[in-house]
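Two complexes are shown next, each including chain A; its partner changes from chain B in the first to chain C in the second.
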Partner chain A sequence: MNSLIFAVLLFLTGIYCILTKRNLVKIILGITISETGLCLITSLIGNTGGDNKKIAEMISFVILLTGSAVTLIAIAISVRLYEKYGTLDVSEMKKLKG
Partner chain B sequence: MHMLNFLSFFVIAPFIGSVLVALTGKFNEKFAKAIFVAVSLFLASLSLSCILVTKDFGIIVHKTSAILSPLYRIPLILDGFSTFMLVVSNVITFFIALFSPQYMAKYTQRWKFYALFLLLVTGMNGVILSGDILNLLICLEAASIASYALVAFGTEKEELEATIKYLIMSTVGAFFIILGIILLYCITHTLNMALMSSMLKCQENGPLTILAAIFFIAGFGIKAALVPFHSWLPDAHQSAPAPVSAVFSGILIKILGIYAIVRIMFNVLGITSFISTILTSLGIFSILFGILYAAGQRDIKRMFAYSSISHIGYIALGFGIGTKLAILGSLLHIFNHSAMKSLLFLNSGSIEYSTGTRDMDKLGGLRTKLPITGITSLIASLSISGIPPFGGFFSKLLIIVGAVMSGNMLVAFIAVLGSMITLAVFANFQRNVFFSSIKEEFQNIKEAPMSMKASMLALSILCIFGGLLLLPQFSGCFLGQAGDALLNCSKYANAILGKM
Partner chain C sequence: MNTIDIILSLSVLAAIVAVESKRILHAIFSVGTLCVLIFVFHIKEHALVSGAIQLAVELSILFTVARIFINKGVKFIESGGLVLGRVIFLFFLVTFLAAAFVVSGELLDINSVLSQIMSSFASKLDAQKTSAHLFRAFDMLFILISFFAVIVGVMTVMRKKGHEDKK
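On to the complex of A and B.
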């Protein structure tokens, strides 16, 4: 049970990072932290032995796989944004409004 | 039933097409373009043939062969609702695909656009056909990842900013969906949706199930851009190239958002009064806020984007009311809104192609210079505002009558009010862009090329005749089946479990 609470806390830490940080790198780090938390939650809940263990592994694998693809694209776009704006601060990127 | 293996073509064909385009596009762009249009045409005709198949065979279950996926055979399921969504998405995609090559001429490295577009189609078809909730998540993420790259295609300041906003919000949405899936898995110990549904029926709706429902609504709500989760949509729609905005508004938000939410709520969790209240209230807020924001916009694409939020609200409202009439109205509205909003975004692309601007204040009097764009956008505007002979009128009418019959007078009133404001907003758009006197700098502009005109005309025909789907000859085998699949929740699970 304690480990489950820790996993949920890890997930919430990531969400907190995404919501409050202004630097894009920190936001992307928040995304990866949340992913790790989700993987931990999956393994802890799903691991009830037997066939279920395999499915829990599969879900964790999917989370990591899609998460890494998303992180890759996010980093690529941040690099381009840095080239255009000269900063990674999201509060400076305000071309779209209304 | 080995002759029915064609279901996997919906996912395999665009995927192979995407890989082929990615490999050869650099050297031979014409070949890439040909593959792109041919695959879309193939999928459109295949999806139309699905109507006949569901009429004859009912629900079809197909497991991918052991060669393709040796560890785990993914179930693909075709029932009335998935047939309906397949037809809508693939037919509209074909017309958009016909439009895109000419429009994309101003961009470099167009083959990347074709490859990503086909990947997006792969993901969307996968979401529709998947009978397994984890596979649904994988296809949803595949479509989302392709769509991030498509929004950022121009790599200018606006595009990149819109993409990073969309990416972060959509990823958080995916986290909620994953949490919902983990909770459901924890309760039922399976990932198969039919099995899940039959297991959930045996037990009372515990707190965990309700929590899972809330996670799903939040997650898919972000993907569907329902108010209050909508803030990514106007930016993404405004910045993306016109064909991408057309796919986004016409199909993507309906499949990744509405289809997934409705499939899980109606066929897996079972619709309760709690869930339908949430859907109805999200719908009302979306209708009002979307159209009020749209009224204040000067950029035509941003205005269309806000209007999309409002119309997604109508669709969610119909499903939330949940009577047979309202569900039929929502399904018809999915069809009509796909046709008319894709058409409007293609019109905006054509206007931008000819004049180079999208600002309503700078445009004017284009009716004489762009006759086809003018007449098709007039049809789409009339249809979206709900003027009688056009398709949009019938679907809105069904949703509003459904609301009145279920006793929700306030809901019906807000739906009518939203429709009236829509009429005002689109009349204003027509007056500013097409009807006022022509500006000096637009004296020498030319109409868009043939393929763009053809796809706009075809979509406008769908807009005009959308209401005909309600005729008993058509609705029996197309709309009616989709509605039945949703109304008989238990039939879905039993039929699939019987055939597995």
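On to the complex of A and C.
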């Protein structure tokens, strides 16, 4: 039970980072942290032995691979945004606002 | 509080440091530490493939982030000054040492060269269980410190390359 609490805390730390930070790199790192927390939660919930563990491991794979793809695309987009705006502060990127 | 709880609490601490750090390298190092800790967790749970994939994918992402952003000369120092400063590197070292000592007793039977040398010494000394654990702890510590040194080395080279590119 304690482990699950720590995993949820990890996930919430990532979400906190995504919601409160304005730097794009920090937001990407927040996505990575929350994805790691999600993986942990899946592993811990599915850790009841037998087939459940295998299913949980497979779901963890999918989360990891999808998360890594999302992160890499986010990195590519943030590099282009930095070249365009000269900053990584999301509050200064107002082109698509409203 | 068992071993897994300690590993997970350290990983939460690493995540908080990553979120609150003011420099890109510090944040990346923190997330790297987090990845290593989660890797240890997966191994402890006997999910070796998950752990290996986690470590490989996350660390490659972090290296990509560091390399791209350092080469682009992105400034990552936020306003308000450097709160955590160089103390963060001490944190990494302490985390690695703690992880090494926590997991060494019951984690893996890693058959590295050092372990073989140690175990040969141990057999000569008619080692008891405690000394065997100690040798394994040193072995794990050696591996983790080597890993840490490799990461620091790669990051330093990338940083120098970034500075050269900027000039």
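As a working rule, the second predicted complex is superposed on the first by the 97 of 98 C-alpha atoms of A that agree within 3 Å, B and C clash if a C-alpha of one lies under 4 Å from a C-alpha of the other, contacts with A are read in each partner's own complex, and residues count from 1 in each chain.
In the analysis below, a residue touches a chain if its C-beta (ideal position, glycine included) is under 8 Å from a C-beta of that chain, and two chains touch if they have at least 3 such contacts.
In this text the structure is predicted, and so the values were computed from the model without any measurement.
Enquirer: Once the two structures are overlaid on chain A, check if chain B and chain C clash or fit side by side.
Expert: fit
Enquirer: Touch check for A:I33: first (chain B), second (chain C), both, or neither?
Expert: It touches chain C, and chain B stays clear.
Enquirer: By the touch definition at the top of the document, which applies to A:L64: first (chain B), second (chain C), both, or neither?
Expert: In the superposition, A:L64 contacts chain C only.
Enquirer: Taking the superposition as given, does A:L88 touch the first partner, chain B, the second, chain C, both, or neither?
Expert: Only chain C; A:L88 stays clear of chain B.
Enquirer: Please indicate which partner A:I77 is in contact with in the superposed arrangement: first for chain B, second for chain C, both, or neither.
Expert: first
Enquirer: How far apart, in whole Å, are the nearest Cα atoms of chain B and chain C in the superposition?
Expert: 15
Enquirer: Across the two complexes, find the residues of chain A that touch chain B and also touch chain C.
Expert: Touching chain B in the first complex and chain C in the second, no residue of chain A appears in both lists.
Enquirer: Mind listing the chain A positions that touch chain B in their complex?
Expert: 11, 15, 18, 24, 27, 31, 34-35, 38, 41-42, 45-46, 48, 52, 55-56, 58-59, 62-63, 66, 69-70, 73-74, 77-78, 80-81, 84-85, 90, 93, 95-96, 98
Enquirer: Mind listing the chain C positions that touch chain A in their complex?
Expert: Chain C residues touching chain A: 1-2, 4-5, 8-9, 11-12, 15-16, 18-19, 24, 27-28, 31, 34-35, 38, 41-42, 45, 47, 49-50, 53-54, 57-58, 61, 64-65, 68-69, 72, 74, 76, 78.
Enquirer: Would you mind writing out the residues of chain A in touch with chain C in their complex?
Expert: Against chain C, chain A makes touches at 2-3, 6-7, 9-10, 13-14, 16-17, 21, 23, 25-26, 28-30, 32-33, 36-37, 39-40, 43, 47, 53, 57, 60-61, 64-65, 68, 71-72, 75, 79, 82-83, 88.
Enquirer: Note which residues of chain B are touching chain A in the complex, please.
Expert: Chain B residues touching chain A: 72, 134, 137-138, 141, 144-145, 148-149, 152, 155-158, 160-164, 167-168, 171-172, 174-175, 178-179, 181-182, 185-186, 189, 191, 234-235, 238-239, 296-297, 302.
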